[in-house]
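Below, each structure is written out as structure tokens.
Below are two complexes that have subunit A in common, paired first with subunit B and then with subunit C.
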Partner chain A sequence: MNDETKRNGPTNKGLLPGILKGLATTAKTATRTTHTHEYPDVAPDLPPRSRGVIALLEENCTSCMLCARECPDWCIYIDSHKETVPATTEGGRDRQRNVLDNFSIDFSLCMYCGICIEVCPFDALFWSPQFEYAETDIRDLLHDKERLGGWMETVPPPPALDERAAEPAEVAAANKPARMPRGRAT
Partner chain B sequence: MPEPTPDAAQTTTVAVGAGGLATADMVLNIGPQHPATHGVLRLRLTLDGERIVRAEPIIGYMHRGAEKLFEVRDYRQIIVLANRHDWLSAFGNELGVVLAVEEMLGMEVPERAVWLRTMLAELNRVLSHLMFLGSYPLELGAITPVFYAFREREELQAVMEEASGGRMHYMFNRVGGLKEDVPAGWLGRVDDAVQAVRRRLPDLESMLVGNEILTARTRGVGVLDVATVQQYGVSGPIARASGLDVDLRRDAPYLAYAELFGEDGPGRVVTRTAGDCLARLEVLLEQVHVSLDLVEHCLSVLGSMASGPVNQRLPKVLKVPEGETYVATENPLGFNGYYLVSRGDKTPWRLKLRSASFNNVQVLTELLPGTLVSDMVAILGSTFFVVGDVDK
Partner chain C sequence: MSDVSDVTHDRSVPLPMPRVGPVGEHAPKPIRVVLNWGRRYSLWVFNFGLACCAIEFIAASMGRHDFIRLGVIPFAPGPRQADLMVVSGTVTDKMAPAIRRLYDQMPEPKYVISFGACSNSGGPYWDSYSVTKGVDQLIPVDVYVPGCPPRPEALLHGIIRLQEQIAGERLSGRAIAERLGGAGRLGPADGEGAAAPRYTAHRTGSAAEVTRARVEPPR
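What follows is the complex of A and B.
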């Protein structure tokens, strides 16, 4: 149908064919099964990459603050202190390590961009598709490290990549021949 | 009954002499909180009875200072903000930023990323158009089409979410490519979704094309001529519905559009000449078909492409060399341009955003005067804008 005939096409002929066509679609659809899910009773099927909530694996966190600094709206709060680990061997040196006191994400500010997860050099943060944490008080959206840690069990394994994807950086690095010491280059 | 005072008698005489009742113009505010406007656009209408004498869109109720915020964000953080001004075309908005940065860096993007980006941008276009194809009849009083539009949207949103993790704000573009490669089997699921949408789109069309009520409400209503389109810098489907044959995908090709809109490519620019509300809706509907064609072509290219990366290795701190550039892309609603000025820092010195809806909404000053209040909603809805894109 070209532009001109469509423009002069359907006119009011009493039967209203255009409206009948729409009603026919409605009647046809009424006989089909529904395509909606009864949400609270049927859980939605969410893909593993779905950005629902951020989970924290506390053991991996070194309180390096990279996530807090890279966050576009600064909604991650981290407090830590240094602890001295005494030397384990005779004549050894005492070591210092960071201990995480507080790690909170304010989900009332979070824009769900995932930059914190992307920049974390020690894989301490993960996305979970879990989304059912609405609160009646906005202050309860500040999740502390225990609550963030609790989301860890809902984190799904990442999906396999497309067959035409480049091999992951980890695999490429492992397959690279070891660097020869200087002067013995072949 | 008291005698009418001489003053009153005089008034009556004058009114009759003026040809009817004495009327005064009434100022009517539509919005900012009004169910007939989507978002917080405020229209100040001056009415002479039912007829609009003057219309003035008053914008800024949703101004979030995006351009200023860009100046204190690095280029990855800018994507977070940039995909939010037009929340219906997040992917297209991200694209402009990364294309501008890549141009300044002289960075070559892997071919696989180029085709994936093109496909995702077209899927995003379909999503945005379907939203308006559903919401516009809703504003005209037809409730049913929106359910069919959203059924198809859901189908496409599922594949977008599977790849990017987001349903609206995808955050999938990065300078140099995409965040990560798509999951295994995803391309097949995109194909399934596109076929499903194609198969069921006639359902939505049956509600819109040839519907007598819709036609009566929109044909010949709010006619926009090409001269006004050019004066106001209107772009996108609205400009094309008035007969302005312009589409950046063909006229200033980026990504893989040079091939798609080339000699044997599936791309074509949809235009109408009527310039009324119906023409604008028709352009949108036909563009959905064109975009689905483009997605199918992208799928066939991606299916026969050599394997490779989808992004570039970036330095820890990404600094853009000193200079300036302007990159415009064809967003679902029109031209979306970023003017990037860098002084060699990791943040831009200035990132000006030229959004489509801002210009498109200004034309209401010309479109509305002379029309009736009852047509106002039909015209307002047919200028297809997103308030976030107007107010930035």
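What follows is the complex of A and C.
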């Protein structure tokens, strides 16, 4: 066994077929378009269900703490206080309502499971596909309620219903005729 | 959380504080711009992949996302040739000494990206007995990329953030000392750090700080 067969292996095809093979591969891929995503210049086409960041619709939040209690990471911080709403009518009773003081999600800890969004009974939390919030200070990854509210504009509209699906509960309730008082049924 | 000084089972060698040299330190602004321009677009990356986030990191290095477009060059042959360390995945207390050691082997200027919830703060393992609650307890981190795991594009965004930071930085011996927490000037206030000056260079969090409730962002 001389040196050349050692280098080229036992097939002893020589140098040329290897070069031709390589050139053929190059020629094949040269005509294909690249599949590189030019990310900073071209925004990626993300599906609406993509889990980028959690947005808060503050008006819907009743500070019921369900999300904070269900969070497996305990990364949601909620502070609220009760406010007395005086009675609007004579002899009425004063009402109480919760006022949200602070709603923060620690995105350095969040595991993006979406349980808070699933569990929210008032639709105050939403997924947004936005992902560009890398920070140089870890404390900036704690998004307060203003910043979480700012993500709302990046929330995509809900996906369209399936064909021949039942109409949404809200629409069905609005379309139902009002209940007539008893005795006046037509 | 085991203390980082556990790292030094071997005899710790007191290393001198890294410097950039008098010429680099007092370079006028045009020269610094050129230096920073060179640094930000030739980041040889050292992949410290520890868990599933490493898959996303590898995806970012492959043809579809291709972070060599941004000047991040995969991959350095070893930490001694690397400029950027991407810690992606769950850092365990068992792995902590290795991370610290390989970080110490990287030449200045060096940068660290913490990729994913686990390396940011422990993530889903926040209550684990064996997971380090954030790689920033071991080494100074420049950019935190949130996500579990983050998208490859999120890493590219983190790299862009890092490059913006490099563009504005002024590298000097004092800046390095500040980032590393002032090693070499161990006073009586540093206390137990005097035993292992090499590994107390970076300020490490105490157990009380790790379990604190809520930290206000800086205003």
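By definition in this document, the second predicted complex is superposed on the first by the 133 of 186 C-alpha atoms of A that agree within 3 Å, B and C clash if a C-alpha of one lies under 4 Å from a C-alpha of the other, contacts with A are read in each partner's own complex, and residues count from 1 in each chain.
The working rule: a residue touches a chain if its C-beta (ideal position, glycine included) is under 8 Å from a C-beta of that chain, and two chains touch if they have at least 3 such contacts.
Everything numeric in this text was worked out from a predicted model, so none of it was measured.
Engineer: Is A:110 touching the first partner subunit B, the second partner subunit C, both, or neither of them?
Structural biologist: A:110: touches subunit C, not subunit B.
Engineer: Go through the superposed model and pick first if A:132 touches only subunit B, second if only subunit C, both, or neither.
Structural biologist: Touch partner of A:132: subunit C, not subunit B.
Engineer: Output check: A:29 vs subunit B and subunit C. Expected answer is one of first, second, both, neither. What do you get?
Structural biologist: first
Engineer: Check whether A:149 is in contact with subunit B, with subunit C, with both or with neither, and answer first, second, both or neither.
Structural biologist: In the superposed model, A:149 contacts neither subunit B nor subunit C.
Engineer: Please indicate which partner A:140 is in contact with in the superposed arrangement: first for subunit B, second for subunit C, both, or neither.
Structural biologist: second
Engineer: Looking at the overlay, what does A:72 touch: subunit B (first), subunit C (second), both, or neither?
Structural biologist: Both: A:72 reaches subunit B and subunit C.
Engineer: Just checking: does A:44 make contact with subunit B only, subunit C only, both, or neither of them? Give me first, second, both or neither.
Structural biologist: second
Engineer: Touching subunit B and also subunit C: which subunit A residues?
Structural biologist: Common interface on subunit A, subunit B vs subunit C: 35, 50, 72, 111-112.
Engineer: Would you mind writing out the residues of subunit A in touch with subunit C in their complex?
Structural biologist: 34-40, 44, 50, 52, 72-74, 77, 104, 106-112, 131-142, 144
Engineer: Mind listing the subunit B positions that touch subunit A in their complex?
Structural biologist: Residues 73, 76-77, 79-81, 84, 112, 144, 148, 151, 154, 158, 161-166, 169, 171, 179-187, 203, 206-207, 209-215, 219, 272-274, 278, 282, 302, 305-310 of subunit B touch subunit A in their complex.
Engineer: Can you check the complex and tell me which residues of subunit A touch subunit B?
Structural biologist: 3, 6-7, 9-10, 12, 16-19, 21-22, 24-26, 28-29, 35, 46-51, 70, 72, 111-115, 118, 127, 159-166
Engineer: Across the complex, what residues on subunit C touch subunit A?
Structural biologist: Touching subunit A: residues 63-66, 69-70, 117, 120-124, 126, 134, 136, 141-148, 150-151, 153-154, 156-158, 160-161, 165, 213-218 of subunit C.
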